[in-house]
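Input: structures, listed below.
Here come two complexes built around subunit A, the first alongside subunit B, the second alongside subunit C.
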Partner chain A sequence: MSFEYLEFGKEEKDFIEKIEEISGQNVYSCYQCGKCSAGCAFSSSMDMTVNQLIHLIQLGQKRRVLEANTHWVCASCLTCTVRCPREIDVAALMEAVREYHLREEPEKIIISEIPKKAYDKLPNIALVSNFRKKTG
Partner chain B sequence: MKIGVYVCECGSNIAATVDVEDIVERAKEFPNVEVSRVYKYMCADPGQEIIKKDIEEKGLDRIVIAACSPRMHEPTFRAVLEDKGLNPYVLEIVNIREQVSWVHENKEEGTEKAASLLKGAVLRIALMEPLERKKVGVTHKALVIGGGIAGIQASLDLADMGFKTTLVEKTSSIGGKMAQMDKTFPTLDCSQCILSPKMVDVGRHPNIELLSLSEVVEVDGYVGNFKVKIKKNPRYVLEEKCTLCDDCVPVCPVIVHDEYNQGFAPRKAIYIAYPQAIPASYVIDPDACLGIDPLICSKCKDVCGPEAIDFDMQPEIIEEEYGAIIIATGYETYPIENIGEYGYGTIPDVISGLDFERIISSGGPTGGKILRPSDATVPKTVVFIHCAGSRDPSKHLPYCSKVCCMYSTKHALQYKHVVHDGTAINFYIDIRTAGKDYEEFYQRAAEEDHVIYIRGKVSEVFQDGDKILIKSVDTLTGETVELHADLVVLATGMVPSEGTKEMASLLNVSVGINGFIREAHPKLKPVDTAIGGVFVAGTVTGPKDIPETVSNASGAASRAAGILSQDELEIEGTVAKVEESLCRGCGMCVEACPYSAIELKAVNKYGHTVQVAFVNEALCKGCGSCAAACLNGAINQLGYTDGQILELISALGEQ
Partner chain C sequence: MVQYSYFPGCNLKTNAKGFEETAIAVSKKLEAELVEMPKWNCCGTVHTMTSDNMMRRIAPVRVLSRSKKHIDTLEEGTTKEVVTLCSMCNSTLKIVNHEVKQNHEDLEKINYQLEEDEECYEEDMEVKHFLEIIRDNIGYEKLSQSVVKPLEGLKISPYYGCMLLHPDEAAIDDVEMPSVLEYLVESLGAEVIDSPLFKFCCGSYHIVDEEQIVDTQVGKIVEAARLRGANALVVACPLCAFNIDHQQKIMKDKNHGKEPLPVFYFTQLMALALGVPLKTNHFEDHHIDPKPLLKELGLTGKKKS
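So, the complex of A and B:
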């Protein structure tokens, strides 16, 4: 297995700070108990569990966070938020990652250009986030 | 002879597995049994009253009680006998709870076993002679060995209770490891600030005699009456004359590593361990000084205004008697150079937890600036590797050292307080924060100071240019990870100090598999040892933090005071006794005795000088090892003589 190289430079710190700013959450509060993932109805559809995603945010691993499908599968049911022992609004963190994603590439989704058959596959939440962003 | 037999139901504890009525009936047929009864709780007052009434009315002179372990209620029932004028040793307790009902399920078999144990006891007690409890005097003075926070606390407590106390410290100052620390978890209060007032108190307490640079070299005697030899090494500076002016230091030509600063700073051959040291006096290191020979160098002596330096001081042997001894010789950190893959000793920027304490200390070699050893630059990424040596039964220490999760968190937090834009990463297996306010401290380090925690044990570190390459795993994501650090701090485990091992063997206290001293009972007697009058305080029994060390030390002091406050101590009557005419002086019993209670003495037998075994009753614990070892049957344990044991065995063999 190849080694993931961890860096703790400006890029990493900026990413963490941005996620914290959008979500209003302290990502360092998470002590990786995993209760959010344990209660999430969609964990099995995620390629990385919710707590793993949060851990990668703590490490500033932007690329890997954005590559995951976790935040897109999240339905914002808030089970994680209600159950987190560290009082982290986990759903807000998921939302923050989605927003970050869209802000990074704002033109990615142009509603009119989305092919009809892609609608089946596209998570609703992605469209919702996109609309919300565009309406400021 | 009239024997009374009493069977306890212990609620349903015993009655559920043993037919108590049946064994009571059977006991009535055993020889010499005058009365046999059952009661729900023999140990309760009404139970005791039944026995007392029978002794009075039926004139019983031997009592057998079938109940729980004698460890529980032997003292209770002995008091019942004494109350009615009987010798406390004509009592036999048969343990039909732990040895029968709790270990058997079949009631029939349980009942049979209980009945034969009971019969054995009845036969044995018939041969029992009343025994005498001897009394020994007590020297009202305590010896505390080791002047770390444990020894300091124990000495102060004893001295405050009014007992004269000698505190023996091997090095030139008391204080131990705590004196090397900068701040302490979980409050982050400065270690010296909370320690030095206690050190000063020791220095000036009228009841404490402080012997620094000293070691206990010989201990004889027994509880209440220890005869101790202490070797006091020369300081070469008269404590009472030295004014701490420091004039001697600049002129001294010899420079060596300063052990207080973990070798990161130099010191001279004449020095003071640190400014707050107690005794407050400079000291000459005889190994470094140019031979303690004024003809070669006497530069310090020449400049010393108060004429405090004396090159002619000699080691002294002090002989003193003590009633109780507390061992507080502390711990050392695991020699982490043994963990080759972590590079300690070969990679300069891999340091230990104690090294870090000195580097971050404002009184340390860098004046509190965090600079790494190799090039004195400020490290931007610091990696803390937990469990360095600990929790590794295959090659290093099998146990958890208990304080290192906390001190690594403390170090990471302290680092972030100084280097705000730095990164502090803890690689851990589990985070163990079992102490008051400890979990909160850890959560604060992450939440407020952004200390990063990655679960996984580092496999290897390499020097890579001017950085250190860390190879590890992140078990939370299941991936192997690599990163570069500027400084690596190893959370070094704790091992018993050399002094602890030496004192354990000198005082004959047993040590556990890891070399720490074994408590008399790990839960119920945590500061006692198996040797009467010898107590333990602090990290000598295993890893402890400061709060636990201090309460442990106060516990040891109060246990010691329990002895020191008496004028006489009673010794158990069940000691070993030598039949001089049978003893052939082979010394096998001397070898067998775990408490060194037997010695061979020359006596005159029929006009010849021969060796005969002699038991020191104050040291004898009545374990019976000697009686089993003696091939001549010359040594017997009173209360468990061969004849008595044979009766017991014969009853058991009947079935």
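So, the complex of A and C:
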């Protein structure tokens, strides 16, 4: 078993506060039961499961949270939200992490780089929702 | 004949023409006509889950306000309901409606922005999905009495997707055990095949830049239905429909996979059973043509010789 000492100062507290402000959720409500990750349709594509990401948010570990792909893989199907025993809007926390990123760097997807033939093929709702989730 | 104010949303005019045209045709046959509201705009497709972004709530509130005006012009309209067909519109409009009813301060800010459009929302609308209208206002009994061609031989696995059932404010049925599509399919004379992945997300907007995620999801959804004996899927969301339909074809071409299952909108099944002309379905827009299956089962509308 290995140990790691984490910083917990102003930067960490500010990060937690901002995520709570954007999402309107209390991150400390989470008691790490893992139900969100167990029911998540995308867990296998995530480099960190949803409850692990929430744990890192609770610890204010901004860099590690933003480096994960978890919140980008989340497609807001809200299965976790309707099942959370602590009634946390888990998907709103994922949205808050996305928003936190986008409010600093507004382009997760570069729209001009999407090939034209994709526009001809894809339904409008796919494009609109993708741009809403991945651009600021 | 009752008339409903109907909000189409962007996709029913492009990829999902068959969904809209069949819905309007069957709504007339069931004496609950869907009348398109004027000057509608995109609802935003995905609801913002942030607590502080009012910009993204303006479009759906404008829709609610305009549908109220539209209802006043209908001859025999219901007083408070705007009807949607697309699950994403259903979810976005319902959540925003719920939110602004809870939070008057937010509504004031949004209405201030709507002044320019001469709109003002007064919290007096309810959003309904057409499936709810069928279940609660029309009734399965009337539906099954209107069937002229029972869909015998079709083994349909209902796929709800996420947005018809999540979150609680937008749910049209029980979140973990819905039955509205099952009753509908049974009323039309087809067989229901239950699949455990009835609301397993299809990957949604990842189709734009993370196609492999959608492929994984679609593979699982279709396989679960196929294993239980389904020969088709029924959906209510144009994005679920596109993802499942289109990606099955891509995967089949790529890995010589199993025979794909055709995907129907629930209104297309109704149209087939209620004797609406076949061309209304716009099967040419589907990537997996359902016509061979329908022909095999004698459901294309032409009498068996």
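Note that the second predicted complex is superposed on the first by the 103 of 136 C-alpha atoms of A that agree within 3 Å, B and C clash if a C-alpha of one lies under 4 Å from a C-alpha of the other, contacts with A are read in each partner's own complex, and residues count from 1 in each chain.
The definition used in the following text is that contacts are C-beta pairs under 8 Å (C-beta built on N, C-alpha and C of every residue); 3 or more make two chains touch, one makes a residue touch a chain.
Treat the numbers as computed from the prediction; the structure is a model and nothing was measured.
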Which of subunit B and subunit C A:F42 touches, first, second, both or neither: second
Broader residue contact with subunit A after superposition on the shared chain, subunit B or subunit C: C
Touched partner set for A:S112, first subunit B, second subunit C, both or neither: neither
Contacts of A:N51 with subunit B and subunit C, given as first, second, both or neither: first
Which superposed partner A:E4 touches (first subunit B, second subunit C, both, neither): first
Contact footprint of subunit A on subunit B as seen in their complex: 381, 423, 425, 431, 443, 446-447, 450-455, 471, 474, 476-477, 479-483
Subunit C to subunit A touching residues, read off their complex: 9-11, 14-16, 42, 44-46, 48-53, 56, 86, 88, 162, 165-168, 175, 199-201, 203-210, 213, 216-217, 238-239, 242, 246
In the complex, subunit A residues that touch subunit C: 21-24, 41-42, 44-45, 73, 75-79, 81-82, 89, 91-92, 95-96, 99, 109, 114, 118, 121-130, 132-134
Partner subunit B, residues of subunit A touching it in the complex: 1-8, 26, 28-29, 31-32, 48, 51-52, 55-56, 58-59, 86
